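Next come two complexes, and both contain chain A; in the first it sits with chain B, in the second with chain C.
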Partner chain A sequence: MSAVADHVHGHGHAHDHHGGYRGVMRWITTTNHKDIGTLYLWFSFVMFMVGGVMALVIRAELFSPGLQVVDPDFFNQMTTMHGLIMVFGAIMPAFVGFANWQIPMMIGAPDMAFARLNNWSFWLLPFAALLLILSFFVPGGAPGVGWTLYAPLTVQMGIGMDLTIFAIHILGMSSILGSINIITTILNMRAPGMTLMKMPLFCWTWLITAYLLVAAMPVLAGAVTMTLTDRHFGTTFFNAAGGGDPVLYQHIFWFFGHPEVYIIALPAFGVISQVIPAFSRKPLFGYASMVYATAAIAILSFIVWAHHMYTVGMPVTGQLFFMYATTLIAVPTGVKVFNWVATMWRGSLTFETPMLFAIGFLFLFTMGGFTGLVLSLVPIDIQLHDTYYVVAHFHYVMVAGALFAAFAGVYFWLPKWTGRMYDETLGKWHFWLSMIFFNITFFVQHFLGLAGMPRRIPDYPLMFETWNKISSIGAFGFGLSQLLFLYIVLKAIRSGEKAPEKPWEGADSLEWTHLPTPAPYHSFETAPVLK
Partner chain B sequence: MAQGATTPHERQAHYWVPAPMPWPIMGSIALFLMALGAVFVFNSLRAGWVSLAAGSMLLLYMMFRWFGDVIRESEGGRYGRWEDVSFRWGMSWFIFSEVMFFAAFFGALFYVRVLSVPDLASITHREMLWPGFEGHWPSAGPAFEEKFTPMAAWGIPAINTLLLLSSGVTVTIAHWALKENRRGMLNLFLLLTILLGVVFLGLQVYEYGHAYAELNLKLSTGAYGSTFFMLTGFHGFHVTVGVIMLTVILLRCLAGHFRPDHHFAFEGVAWYWHFVDVVWLGLFVFVYWL
Partner chain C sequence: MATTIHCKSTMLRTAFAAIALAAAGSAGAIQSKYNLAPPVTAIARDIHWLHWMMLIICGVIFVAVFGVMFYSIWAHRKSKGAQPADFHESTKVEVVWTVIPFLIVIGMALPATKTVVAMKDTTNADLTIKVTGYQWKWGYDYLKGEGEGISFMSRLATPREQIEGRQAKGEHYLLEVDNELVVPVGKKVRVLTTAADVVHSWWIPAFGTKQDAIPGFIRDTWFRADKTGVYRGQCVELCGKEHGFMPIVVRVVSQEDYTKWVGEKKKQLAALADDPNRPWTLAELKARGEKVYAANCVACHQANGKGAPPAFPALDGSPLVLGPKEKQIDIVLNGVVKDGKPTAMAAFGKQLNDVEIAAVITFTRNNWGNQTGDAVQPAEVKALRK
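Now for the complex of A and B:
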């Protein structure tokens, strides 16, 4: 063992699984990609619960017109923090957790390329989350500006805004360091014979996602840094009186924000591209085209940002450019959807829980894509901008897209991770409850948006009451269904049936074909022999 | 010695997976304390300085120990060709992320110069809001009353350009000397690089003083002051970091570290230095000159 381990602990020797650290210190100091993946996944679940409770506060307030549960200021804090926590605390770390667990096993690597940096990437997150949560307890409370943190509201907010800005900086650091690690691992740690075009598609989607993160997260850091100096040091980046422009903030933010959408979506595509072939017992249809489509989406994502800003007073030429560029994204995304469907075509299908979630994803994500196309059209978007139609659209992509894919991934790989099977009946219950309540919550929000209900308001006219009531009932149902998910996972870990070596007949990536179940603490210390 | 295979594609049997260590969590706690302290200080709560200072010291200690471990491992022969390639990818992508960080501020500069300032001087705004605003760059915006003088390009900034470009040459000579195993020359040219960097920083500090005292050019001088100080300040911070890294490398050279065929720490810092250099050229052209 290294000189490092020797001086911190006398028993730190190579045969020791955890390098000499025990108990909670094992998790704090670990350099093992599986430990770190587990940390990411549990952290993300905790944040999912925190952000979920905030969503339920929002839905409770919107159950009836008028103000019943919270005051408008706190309502704004809830919508802001719900968005920030779900995006940066729940969905992104969940997929980094998958990346940590799966990428080294899928490419035949002994671990991530930078194992200690990997530890830091994770352990930055809880402290950033702490800063975010702390903002509720300072004078003025958490920022109530929306997760997009638009100037000039952000310039006027209280201390909570500063805490949020630094939280974003630290979250960004975590993402950038984690992404550099993932890129390096994929480019440099593949087993001999594992060429790029033989990698499981999950690795490809993460390679491209990590590139997007390295390119986009620093831009967000720049945007919030300018907000910080506008707040405290007299700069006027976002103040027209000094020659700046609040719209400048929106441009910079969405230059980050649109790639961010794909940062969330691409790893989900990756998981789905592993699950659907496994339960169709067929190789992924059009593998190469999937890779190219992923790359095309990534490139296009950097030239469509202003479709979030059609109503700010852009020249028509600008609107047209961003509209055409945006509709172009439907092409590679369509390639993916058709490939998934073609993979299932004449496959020998079975419908275990991972496959159910994958098909649910396919169906609902495609709907979210269609509403995205609707919103990409300038004349329609001017009507629908900042209405519940937009809320419905991005929840179809984020929840039914990213979250359902994450569920599919957990059910799919849980046997490999823990060596135990989940309860199939309960898993199916979880799927159907999630599927039904999700649609009760969000499908009706399309109607609300089309009827003109704006987002981010705590009160509304009577005419919107029926659909809001239904949506709130659905939201509480969806939230409670996720407790079932927690129960299923805990039950599998504690008392699940022992998983067979290869529980999924059609799964063919290295973690299934070359490693025992459960995967050993250290895998592929020497490279596997590949044909 | 775990020296690796002779070609990058020929694999070593084992990749170096390091043991658990407490430094990452210490870094997180340090950043947390620093963030908390900075928030308090920005909002006029003096207690923040304590947290800020404690966090900064903890961060320095953490870096000292973490880098110390890595240096010991490197000199102990833990890193072969395979690990070396990882370091190269890692540093390249890190520099790319820094490029994107600067891109945000350059984007802001181009936006105010090309779009927002001319737009504020357009006929609608001039009639309705700010009569008489001309919108010529350099501008501090329509509501800025005081007079200020923009920073001229061909004085100190031009000298600074020469200094940084020369330092790019000296660091390259030092690298060449390292590869030829001419240690005296290596140390000399590394020292020269550091001195050029330090003189650059000194002139930059002088320029800021000059701007505040004589040109009435401040961070709060509208769009021009904001972009000028944000871009040059952020760059100056990077030069400072670069100088510190070069100094560490010099101390390591004096301690006899690095071999002609094994010195990625040197190269990584040299890459970083060239990156800082290139960003400066962008600054010189778009902030000072045009």
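Now for the complex of A and C:
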């Protein structure tokens, strides 16, 4: 960070202040929040493609009853790795990418607080990804235990299990370092006058998410470490024969796992809370209650974990406690949905691609929320646990929720990041194709679950055939539609129309009002003046 | 107070049941492709109406909220000249839409509470059956009540040829077993679940009964089926390679038929109790061993004995199978333990009797390219049991 950028850079990368490095070395050594944000985003897109191909292998096998494409062992490896890669490799890094790009610009800071640490947080990821992929090529292959890695099935796995455990350790380290950086940046580097309650909601959701990560990731690391020692060092944490308990693993895993849901959802809420006001040309409704609702969701997320475990046979008081606590999460989540709708109410709405994805998010995420409420009731959950109903539910939350929000964010900020506009017509095509194929893929899975199809099976009874066929067709359509997204982004970067200084009329956070387009390499060399 | 609540819930139930019937009308009473299995226990009926209640309440809220949103999309668009209003908060409204959802969700959870308590009440059972999950089959032991002492294994009966597409798939593809669990109608059956290796989960959708089977622990659940018939389900906790191939079939029969079944089953089990002390001929052992192999070994070691290395080694030409008998008997009895951990090669000592183990070993030593001519006698197995 030697030279001072006193001019507005074009989007081309011929800068002379990257410590003198060019080409690949520039990206390896960069400490710039924008470069690192870009790395995160591309990494997550690559992982999204890898995890997507795995999803398509799963859907290809499930197109017809019988075993056609893969053997059951490999099928289990696919479901496991699809889950791990999508959660840890695609969705989480995508939102860290947004955080890197946006938080300094939104709070009026020059960069992230710990620039070198930031570089390291990112460069841990490719090694973790490599370990995960490598596990396919060791004897026994990748673990086929589901992304939840339940004991004691994990003890039966080959060395691929150990590689996965180390990958999770590295991913966790990366997340914790990234979170510390985000917390420090937000708490210490806001421009004068940018009080906490004036921050864009995206920063708030990330601040709270970062705390969730710091609290939850070590718990996961503990769970997988105990698995590792059970496998190799004679401990019996999860083995009854030595005084352990397989259910203990599930408690520890879900103590991490439920906050993890909100680690993914909250930054998505943040993006949506920036996009909807911008295209409604009206400030976010109920800003303060949005902040409180986010905090309430985060706190509640630590006392509901066992709703993933209603069928392990908890005492009745335990089941009732977790049922009531879980239904309560609907309250702050509802407040958010109402606030977004109220923001649109009597606004002056336009429907560019970011807004379309935001509305798609709102519509489908709320459906995922409602099926979550259905599942919160113990008796219904016991019937639907580990069926495709649950698969449908969490894909509404993760794909139509987090992924759609990420698309909204990319289309929204791409002009600011690159100085180029994306092709609006193609963007709309991307939205409608994603929307339609998403629902073809996942809506029918509700029926499969209700009718009794268990999840994680490579073959199924004949009565499930119709819906599985439809779902598989939808999945391939959805997957192919994402190539269009890649094309749109590349086209914008290479030959997009030059973006106007303020492409979105209603956008009012600092990156739009106080920085040129495209944003300069260093955001705010001197802090902006806020009224 | 209690009566009013009861009345209300009865009214609600009637209303929801009417809607449910109307909606289910077209699907018919057989297995629905859209909805929960037709319930045959009180618990499953509760679950059914709870689900309809949730679906309707959530549906109404969804339509209301998104009705507002779509109205806004239609009426407040810039292209129609809409000017943005400048309101951005209202404490009154925000408090209202916090408090009302709070009351609604509590109202949803209250009717579920009674069902939760009922599901947990496993007292006063007429019949107690222990269900043990194995990779990849179910073991049933009748512990208490009529039929006490009956004990058998229940495995997938769908032939491999159907799964691999070399034969047309039957009506109950993947949902058929060699030995069904048989219970009397109208009797409270307590189900104790446990597992021998990893976590499994025992589920009959029509009963609304699902309970994880956890190795080293015993959990319980119950059902009282009020209609005779055959009810099918599957293992619902990922338990390894053949997780998708361990169905559960429960045959609910009348009391008379049940008594008859118990009598027959006991006779059959007595006859089946193989006599390990008499000498068996090679041909007898091979014939018996082929069946044992098909039921227990074929999933991993394959019909052609080639296995799926490295996880599932080949038996054809295996130095172990062609080597000394004692070593092979030991492995089948006690499984393969690597670094102190059990592997996919389970210990069959507790699942198979001496005759079955002797037979299957004889079969593997005299099949495919293996032609040792050895007949392993049940007595040899018996001698090596620890």
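Simple rule for what comes next: the second predicted complex is superposed on the first by the 515 of 531 C-alpha atoms of A that agree within 3 Å, B and C clash if a C-alpha of one lies under 4 Å from a C-alpha of the other, contacts with A are read in each partner's own complex, and residues count from 1 in each chain.
We adopt the following convention: a contact is a pair of C-beta atoms (placed from the backbone, for glycine too) under 8 Å apart; a residue touches a chain by one contact, two chains touch by 3 or more.
Just so it is clear, the model here is predicted, and its values are computed rather than measured.
**Student:** For A:289, using the defined touch cut-off, is the partner it touches chain B, chain C, both, or neither? Pick first, second, both or neither.
**Tutor:** Touch status of A:289: second partner only.
**Student:** May I ask you to decide whether A:521 touches chain B, chain C, both, or neither, giving the answer as first, second, both or neither?
**Tutor:** In the superposition, A:521 contacts neither chain B nor chain C.
**Student:** Quick check on the superposed pair: does A:245 touch chain B, chain C, both, or neither? Answer first, second, both or neither.
**Tutor:** both
**Student:** Once the structures are superposed on A, label A:487 by its partner contacts, choosing first (chain B), second (chain C), both or neither.
**Tutor:** neither
**Student:** Of all the chain A residues, which ones make contact with chain B and with chain C?
**Tutor:** In the superposed arrangement, which is not itself an observed complex, chain A uses residues 231-232, 234, 239-241, 245, 247 for both chain B and chain C.
**Student:** Give every residue of chain A touching chain B within the complex, in rising order.
**Tutor:** 1-5, 8, 12, 18-21, 25-26, 28-31, 109-111, 113-117, 119-120, 123-124, 126-127, 130-131, 134, 159, 162-163, 166-167, 169-170, 173, 176, 179-181, 183-184, 187-189, 192, 214-219, 221-223, 226, 228-229, 231-237, 239-245, 247-248, 251-252, 255, 522, 525-527
**Student:** Of all residues in chain A, which touch chain C in the complex?
**Tutor:** Touch residues, chain A against chain C: 65-68, 71-73, 76, 139-140, 144-146, 150, 152-153, 155-156, 158, 231-232, 234, 239-241, 245-247, 280-289, 311-313, 315-316, 319-320, 323-324, 327-328, 330-332, 334-335, 337-339, 341-351, 359, 362-363, 366-367, 370, 373-374, 376-380, 382-383, 385-387, 447, 450-452, 454-464, 466-467, 506.
**Student:** Which residues of chain C touch chain A once you look at their complex with the stated criterion?
**Tutor:** 31-37, 43-44, 46-47, 50-51, 54-55, 58, 61-62, 65-66, 68-69, 72-73, 76-79, 82-90, 93-94, 97-98, 101-102, 105-106, 108-109, 112-113, 115-117, 119-120, 162-165, 169, 171-175, 193, 197-199, 201, 203, 205, 208, 210-212, 214-217, 219-221, 233-245, 308, 310-311, 339-344
**Student:** So in the complex, which bits of chain B are touching chain A?
**Tutor:** For chain B paired with chain A, touching residues are 11, 13-15, 17-25, 27-29, 31-32, 35-36, 38-39, 42-43, 66, 69, 72-73, 76, 78, 82, 85-86, 89-90, 93-94, 96-98, 100-101, 103-105, 107-108, 111-112, 115-117, 119-120, 139-144, 218-220, 222-227, 229-230.
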